[in-house]
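What follows is a group of structures, each given as structure tokens.
Here come two complexes built around chain A, the first alongside chain B, the second alongside chain C.
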Partner chain A sequence: MTAAAGFLGGAKSRLLPASIPFRFFAAAALFHVAMWVVLIFAAEQVIGFRGGMVPALAAVHLLVLGVLTTTAIGAAVQLLPVATRHALAAHWPIKLVFWMFVPGIVLLTASMYLGRIELVIAGAVASTAGLLLFAGLLGDNLRRAGGLPIVAAYGWAALAALLAVILLGLALSVDFATGFLRDHAAVVRAHAILGGYGFMGMLALGFSHVLIPMFALSSAPEKRPATAGFLAAAAGVALGSFGAVLGHPHLLTAATLVGLVAVGIHLWLMLRALRTGMRKRLGLSFILVRAAWVSLPLSLLIGLAASHDRAGPNGPALFGLLLLGGWLLTFLLGVLQRILPFLASMHATAPERRAPPRLSELGATAPLNVHAICHGTALAGLAGAILFDASAAARVAGTIGLLGAMAFALFTADVIRRLPLASHASPLPSGG
Partner chain B sequence: MSCSAEKPQDSRIWNDADGRHLDVRGLECPNPMVEILGLIDRGEAGDVLIVHLDQEPLFLYSELDDRGWAHELMAEGCGAADCTEGYRLRLVRMSA
Partner chain C sequence: MFANRISQKLHEEHSATVAIMERLEALIASYRRGPPAGNRDAEVLLLREIADGVESEVKRHFDFEEQHLFTFLDTIGDAAIGAHLTAEHTAMRPLGERLAALARTGSSAGFDEASWSEFQRVGMDLAERMLTHVQKEEMALLPLLEDAMDAPMEARLYDAYAANA
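Here is the complex of A and B:
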């Protein structure tokens, strides 16, 4: 077993030290809590939010940058080098990403909450610098992802969207101080589409092609429909972004229809993976994943209605809730509660051990149950509050969401706490 | 093509003196894991299964553990004398 153990150590060199991905996950868990706290205090603005320098903007960016993007960075830098078999050349760039990006988000969202425009620009610059460095690392790894063509295609599209989001985000920050943009609201819409469906959406769809079959133990989706789904998704995001910037409702309608085709293909592939998979009981996480899959097409339909002023006065807020909360956050939390123990088990495979600890050893389930109930209730409550323009209901929903976020943070802390203990668990029987 | 030195042509599964062999190199993720577990779940893996892989299947180990199979990484390479590519993983059934 000595030679095997040595070899295992070599193979594990593609894994980053556990402290690197898990610092991103821990930060995301804290931002998740902070997001609900801000939402409670900004409930009046949240239910009718259409953009602008108000505290609700801080809640949106805590969610998108703090929770979604921070988690995506932690997962991508850990999973991609393993999948592509090419380790990061050095650890310091990703550590630098963390130390630029996370404090940048804190500064950005705090100054958004307080309405301090000069600090918004400073926070945007710091978080942008971190994102650009991450984009470089992601691009370098995608370049080598020849064995995962669909994931790589989604990754490149996400990267392109990220660069556009950064550019528009910086322009919006500066515009708060200078007013140089001709149509601030149009750029906000394009920024939202590129950030929600472009960067985060493309990453979510791309990683789904590996993660969902892996969880269900089914074969990878067929190349041809997967490629068609990717092309439709990319076209939908491009059409939607141009339609938003140009203020062209027909382009937005076309983008929605193309987007619905992409969603249809994606969901067909994913449901087929579940149907043909060897593992039928997928647990609580897939209740969240399925709820997210329902929210994705709903977000497109509400977005279409809102773009034609047919979704009521708070239509844009409902669209944002379905896109960011219903689809992206719900999907991410569903997947994250499975991959956190997975990643922990990868790190816990010490050379002296024959096998990693069981996944059930690496995360408590009670906080996840509490989180799932609170998360679903909070989103449904928020949707009702938006529809009926009831800020008190939004505050109650926010409080329930906060409880759920605290439960999820407890789960994350528990996985991290158990990690070193798991690596010292008693070895399994010899394999040879 | 040194990396197919031990493998009969056009076959992913073959038997040898040291056990049953399964070659999952070149398959897209997560198909290698699905092939291995499928063979085990269908009862076609025998008692010793040697798997030839492109990369170490880190996510496979807990699934093997759940199914009562132990694993051991063998020497580096596909088995040919001059080959350093890929991995060989020896799986042993520990329970009925």
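Here is the complex of A and C:
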């Protein structure tokens, strides 16, 4: 059984009610819009951001928790049970995750923006509670994912990174009030590596082993190189995290080199899947995916340069942009625009003498074109603004990014609006 | 790629179908505003390949799956996948038959505005449905057959496949 085989083989019985995953996707789309709004208002700090309780911190957490993690939760709770062929025991814990995590992010990021330290801790506690419950659900499903060893390995590594990132995040939020940490900046760096490359990065790499072959119609990546890629990725994250906490530049260099090996293996496997896949015309979504693949090794190289103070005064901000915006956000949006209509189609029931809806009937494509242009322009503009320390340019780039995020939110809303169409399919075509 | 000979044969047919559908999409995209001006050899050949390929897919391939494979899956208690894929076949059959007829006429007599417009509409509809359908069969049906079918059943169904080839 291939990794994606479960999508149809009894998959409908393992599909959650559409309202459950789509509430996470809808929330992520709104956080995406909010992130660009905050970025516009905090443009001066964003271009030179190195951490600290400033409004730019709210933009970073709206992106990482609001967009990336919220989407990852929605996707993981839906895709994993289908792919592993093991349904979740109950739906209420996922709803509870949503109602703890999403309001927690709102409180956390609003208080970060306003600089209200006591509320930051409350928001961190609420979102942490949601994340811990999600970690339990993820762990329970991974335990039964024996048929997907590589995906499961990435999943376990992501879970371990999630627990570490939660711990460090809580410590950082308390440290804002008490100052108990000896080196706040070092913990911030470890928190960023564990969150970006550890939790979200490992999930993205792991799910790629299912999703990219599924889209390209190719075989699953070979086990040996995939295992080597996983081991290198996990070692890179571990080395990087320890190197950051200990403030050890040689460890960070070693982590980057090991990380580059992992990225090299991963990209080789993914490009091989595309080259050998039946589908050659993969459309707009894969322009975003390919751009993300370029950003991933670039982020490591800029990170390495920044750790040795060779990336200019705004090097850390450029590193953050490439890691979070260029790699993770771009990859996620590329994949999400294919998953949303596909997931909607899985909820389709075809009554007698009715044709199942086409994917293009389940989501408008025009907003995606607008989004792709705006997203690429905004990230390129932000990179330029960071390099030249130009806050006005960052504001313009942010406005373009905001338009793109609104277009993507429109697309998400359109898929949700058309969900009933999926269960009231159109009459059979006559062909004439 | 597949040890099961039926899965492997269907996989090879899917590969050919995806290639034809992608060429169909490219042809339609090349002439968005109106029909091809003259009957160039390459386009005539492509239209004939589309007609033959689509006809083979919606008749022989679909019929074999419905008459032999889905009934087999039904007997082992996995009827849902067959029902889902049969519903998609039912939606695609009239489109495929119409597209094959239009492509055959177009290859010999060319297209006017009305027939090209219909070719575009039916072709895009079929291509989108077919590509998604192949994706589902590749990811779900073929591995399921590989897992569920024993050697005697594989031999019997392979003979049935060969008899229709």
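Just so we're on the same page, the second predicted complex is superposed on the first by the 406 of 432 C-alpha atoms of A that agree within 3 Å, B and C clash if a C-alpha of one lies under 4 Å from a C-alpha of the other, contacts with A are read in each partner's own complex, and residues count from 1 in each chain.
Going forward, a residue touches a chain if its C-beta (ideal position, glycine included) is under 8 Å from a C-beta of that chain, and two chains touch if they have at least 3 such contacts.
From a predicted model like this one, the values you see are computed outputs, not experimental measurements.
By the touch criterion defined above, A:V125 reaches neither chain B nor chain C.
In the superposition on chain A, A:A305 makes contact with neither chain B nor chain C. After overlaying the two complexes on the shared chain, residue contacts for A:L133 are found with neither chain B nor chain C. When both complexes are overlaid on chain A, the residue A:R281 reaches chain C alone and has no touch with chain B.
Legend: residue contacts after superposition of the two complexes on their common chain; A:A220 is shown touching chain B, with no touch to chain C. Of the two partner chains placed by the overlay, only chain B lies in contact with A:G147; chain C stays clear of it. Comparing which residues of chain A touch chain B with which touch chain C, the overlap comprises 1, 4, 7-8, 10-12, 214, 217, 219, 278, 345, 355-356, 358-359, 428-432. Residues 1, 3-4, 7-8, 10-12, 15, 82-83, 85, 147-148, 210, 213-214, 217-220, 278, 342, 345-346, 349, 354-359, 428-432 of chain A are the ones that touch chain B when the two sit in their complex.
Across the complex, chain A is touched by residues 28-31, 33-34, 37-38, 41, 54-56, 58-59, 61-66, 70-76, 87, 90-92, 94 of chain B.
Considering their complex, residues 1-2, 4-12, 214, 217, 219, 278-281, 345, 350, 355-356, 358-360, 428-432 of chain A touch chain C.
Across the interface of their complex, chain A is touched by residues 1, 14-15, 18-19, 22, 25-26, 78, 80-81, 84-85, 87-88, 90-91, 93-99, 118, 122, 125, 128-129, 131-132, 134-136, 138-141, 143-144, 146-147 of chain C.
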